[in-house]
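Structures given as structure tokens follow.
There are two complexes below, and they share chain A, which is joined by chain B in the first and by chain C in the second.
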Partner chain A sequence: MRELKDRIAASASFIAMILAVLPILSIIAVTFAEGAWRISLPFLINEPAPPGQGGGIGNAIIGTFMMMVVASALGISIGVLSGIYMAEYSQKAHIFELFTDVMAGVPTIILGLVVYLILVRFIGFSALAGGVALSLIMMPIIARSTEEALKEVPNEVREAAAALGIPKWKAVLHINLRAAEEGIKSGLLLSTARALGEAAPLLFTAFGSQFYSGLNLLQPASSMSLVVYTYGASPWEDWRGIAWGTALILLLITAFMSAFARRSR
Partner chain B sequence: MDPVKLISLFSSIFILLFIFTTFSSLLLASNESISKFGFSFLISADWDPKEGRFGALPAIAGTAITTAISVLIASVIGIGTAVYISGGYSPYWVRRIIAPLIDSLAAVPSVVIGLFGLLFLSPLLENVYSLISSHLYFIPVFGGPVRGISIMTASLILSMMIIPTIASISSSAIEMVPVELKEGARALGATRWETLRIITLPYASSYIISSILLATARALGETMAVTMVIGNSHDMPKSLFQPGCTITSVIASEFLEATSSLYISSLMELGLILLLISLLVNITAIFMRRGFYARA
Partner chain C sequence: MKLRLENVNAWIGRKQILYDVNLGIEEGKVTAVMGPSGCGKTTLLRVINRMHEEVRGARVSGTVLLDGEDVYKMPASVVRRRIGMIFQKPNPFPNMSIFENVAIGLKLSGIKDKELIRRKVREALEAAALWDEVKDELDKPGTALSGGQQQRLCIARALAVEPEVILMDEPTSALDPIATSKLEELIRKLSKNYTVVIVTHNVRQAARVSDYAAFIYEGRILEFNSTAELLKNPRNKLTESFITGRFEMLREVA
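On to the complex of A and B.
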């Protein structure tokens, strides 16, 4: 009887595992089947076209790139610095940790609303605003992973630096950060992968666009995630195909990034 | 003065201020709606932008229903998976493959999952729903006309998205239970299941519950995937197989079309409600996890 119960638990947990793995396998399979054959060179460089005339996602790729540059610049600098403060300086790190975790838990659509209220209302829909919204996703992830990585650095390293008379800030920048490099890199990759796939905070900030905007940060811009959202819901077969192709590209990029992040962790 | 300390302090203060800025800017922006509708905003089901009447009840109900169903499904599957991975039921090589695979589901962008749900899953599910509905029509939540784009599809999509959260956090919680306790139980003749039921799961429970709360917060705030498959209808939900809306889907699909200032303000108030609920859930989860660390 007791053995039987154990057997039942074994089978039930096995079934649960199968049900957990099934979605990811079917998402990968379906996205490949629907998306792979649509990706071509014109697909990657053209602007969107009316239904039935091909068209591509070139401007969305450039838009994603511009926004990610802005997001990384802001997200990495503030994130890493805040991680340094929590790990190396603060006496009240748990308070900052709490606020960082709370920030990480704010729904991304809310980030879009806030950036709309404090930025878009003054400068308009723009790639810059989209990048700022995405940076708010990256900051808490980077801050916490930087903090964790710095805490892994043995205290002997800090003591040795102090014994050599190196000022604390030089030791932090040149020794501790160097030692924590792997962990910080993995946080950067994870946060970049998260931000790349997000569309919700871009709806009211970057807005989306049908054209190349010539790298102008103050113009509305499209992103690959926005393309998946708008084209996926369209009634035209070939537009939905564009959404599948873009979804496959996003899936591959984010999968590789998070796989690398896990390897370097 | 230490220059790095100074700039890094500013960065930390930025993060500290962020949450206050978010809260106060949303509060300010929803002022018009709050002063016009007051408390009735929360309990009115009348959403009529043309007439300037806004009631959040269908959206709040939709968020509550989709979150509840998805968390229920994901808890069963997620904890089951964690038991399989870390409870002594799986050979090592299987774990090496399964755990990263489930983690990678967490990395899939929500628009991709939404696209999968909209174009692949919902037509498939529509057949399943009509089958269920034709046999169980006497149960109210299953009756009525059936659509693939529906509250149930949104719930299923959400549960897919939060299973990795519960599975991977719960399985590391099970692994953190001191090995002497587990081996002690086994040495006394307990089976693997008895060890789990009497020793491991109770010990790890606060951590597992915090993973469920974390998943709940994710489900509450998830926007794109839900917006793509729920149909965004403001009718009060009568059946799980009909379109509905959630707080996030209303904001995402209507904000850019909102013309009057009262309309915008109502959407901001929806955002404020969502922020408060998800803050509450998140903070509870954080404190439960800290409690576990203090004990372990």
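On to the complex of A and C.
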């Protein structure tokens, strides 16, 4: 009887596990089936075209790249530094933890609205504003993962550094961060993967565009996530196809990053 | 005298750990600080190189003189470079190779000359009796070494910044007997060039490695003498019971 119960529990959890991974498997399968055959060199470098005339996502790839550079520069520097502050200096880290956790939970479309209010109204729709919005998604994730990784560093390491006469800031920068490297890297990868896929915060910030902007950060810009959002909902079959192709590329990049982040943990 | 402690009292929070400690440490000798656990041995050591103040709520009064100069009037980082420290548990820096572990103190003190760093790392590893074992695998992570090797790596790391005094806080407590005897041999060798203060609760270890010994109990130094004399003719009853191993019994009776 007990053995039977045990078996039922084991099979129930097995079935639940299958149900949990089924969505990701079907996402991968469908995206591959719909998207793979549409990806070609012109698709990767051309600007969008009217329905029925092909067109590509070259400008969206560049736009994504520009925004991710801005987002990473801001998100990583501010995120890592605040993680350091919380783990190494603050006596009241729990207060900052609360703030960062709340920030990480704010719906991303609201982050976009905030950036619209404080930035877009003055400099206009732009890749820069989009990057700032994405950095707000990355910051709390990076801050917390840096903090957690530094807290994992045993105190004996700090003692050893202090006993060598190494000033604290130097020890943090050259020894503690290094000891926490793995955890911090995985946080960077996960936050980058998160930001890459976000379309909502870009609607009021980067806005989207049909053209190459020549790497001008102050021009409106498209991104791969925006392409999926706008083209996926269009009435034209070939535009929806562009959305599928783009979705596949995004999926591959983010999946690799997440897998890599797991490995380096 | 290399080091002199005068009327040193130490606290952590409200709790007083050391009471009126007076102690002279002779240059080029090994001085052992013995006593039961929790008697203040480690705190005594950490007062000397100002590591005590790293603990929250820690306080010190009295003077600690290094070559006649008050260490509490020098920058802490200078004191710690002149007085190195070895901990109970080997604590090499994670994610750093054997070489980097020894070199980091030099690099962070501003030395840029790679050739000079390489030479000093080698000298430190040789002085710590580790060079022959690791010379072909300097790129391996320091944490991949055995416990005894890790402890000698930590000694090399401390030696690399050229201290004058080395404080050791029960450096063999995490090591097996073979690694322990190797390290004790090393301690004897180090005393040729350095002043060593070693904390131990092991009477036989003190007998093997030290020239002078202090017995400390409940934060007070009860007896200080040459190790041979202290072990042969202890003047204090508690010292005697500690070195003859009757200490625990005695304490239970009292």
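Going forward, the second predicted complex is superposed on the first by the 250 of 265 C-alpha atoms of A that agree within 3 Å, B and C clash if a C-alpha of one lies under 4 Å from a C-alpha of the other, contacts with A are read in each partner's own complex, and residues count from 1 in each chain.
We take it that a contact is a pair of C-beta atoms (placed from the backbone, for glycine too) under 8 Å apart; a residue touches a chain by one contact, two chains touch by 3 or more.
A quick note: this is a predicted structure, and the numbers were derived from the prediction, not measured.
Taking chain A as the reference chain, the count of touched residues is higher for B when chain B and chain C are set side by side.
Of the two partner chains placed around the shared chain by superposition, neither chain B nor chain C is touched by A:119. Once the two complexes are laid over each other on the shared chain, residue contacts for A:17 go to chain B alone; chain C is not touched.
In the superposed pair of complexes, A:251 makes contact with chain B only, with no contact to chain C. When the two complexes are overlaid on their common chain A, residue A:102 makes contact with chain B while staying clear of chain C. In the superposed model, A:39 makes contact with neither chain B nor chain C. Once the two complexes are laid over each other on the shared chain, residue contacts for A:181 go to chain C alone; chain B is not touched. By the document's definition of touching, both partners, chain B and chain C, reach A:167. In the superposition on the C-alpha atoms of chain A, the part of chain A touched by chain B in one complex and by chain C in the other spans residues 167. Of all the residues in chain A, the ones that touch chain C in their complex are 153-154, 156-157, 159-167, 170-171, 174-175, 178-179, 181-182. Every residue of chain B that touches chain A in the complex is listed here, in rising order: 2-5, 7-12, 14-16, 18-19, 21-22, 25-26, 28-29, 76-81, 83-85, 87, 89-90, 98, 100-105, 107-116, 118-120, 160, 163-164, 167, 191-194, 196, 214, 217, 220-224, 227-228, 248, 251-252, 255-256, 268, 271, 274-275, 278-279, 282-283, 286.
Looking at the complex, you find that chain A touches chain B at residues 2-3, 5-6, 8-10, 12-17, 19-21, 23-27, 30-31, 34, 77-79, 81-82, 84-86, 88-90, 96, 98-103, 105-110, 113-114, 117-118, 136, 139-140, 143, 167-169, 172-173, 193-194, 196-200, 203-204, 207, 225, 228-229, 232-233, 240, 243-244, 247, 250-251, 254-255, 257-259, 262. Partner chain A is touched in their complex by these residues of chain C: 49, 51, 54, 76-81, 84-85, 87, 89, 91-96, 104-105, 107-109, 154, 157-158, 161.
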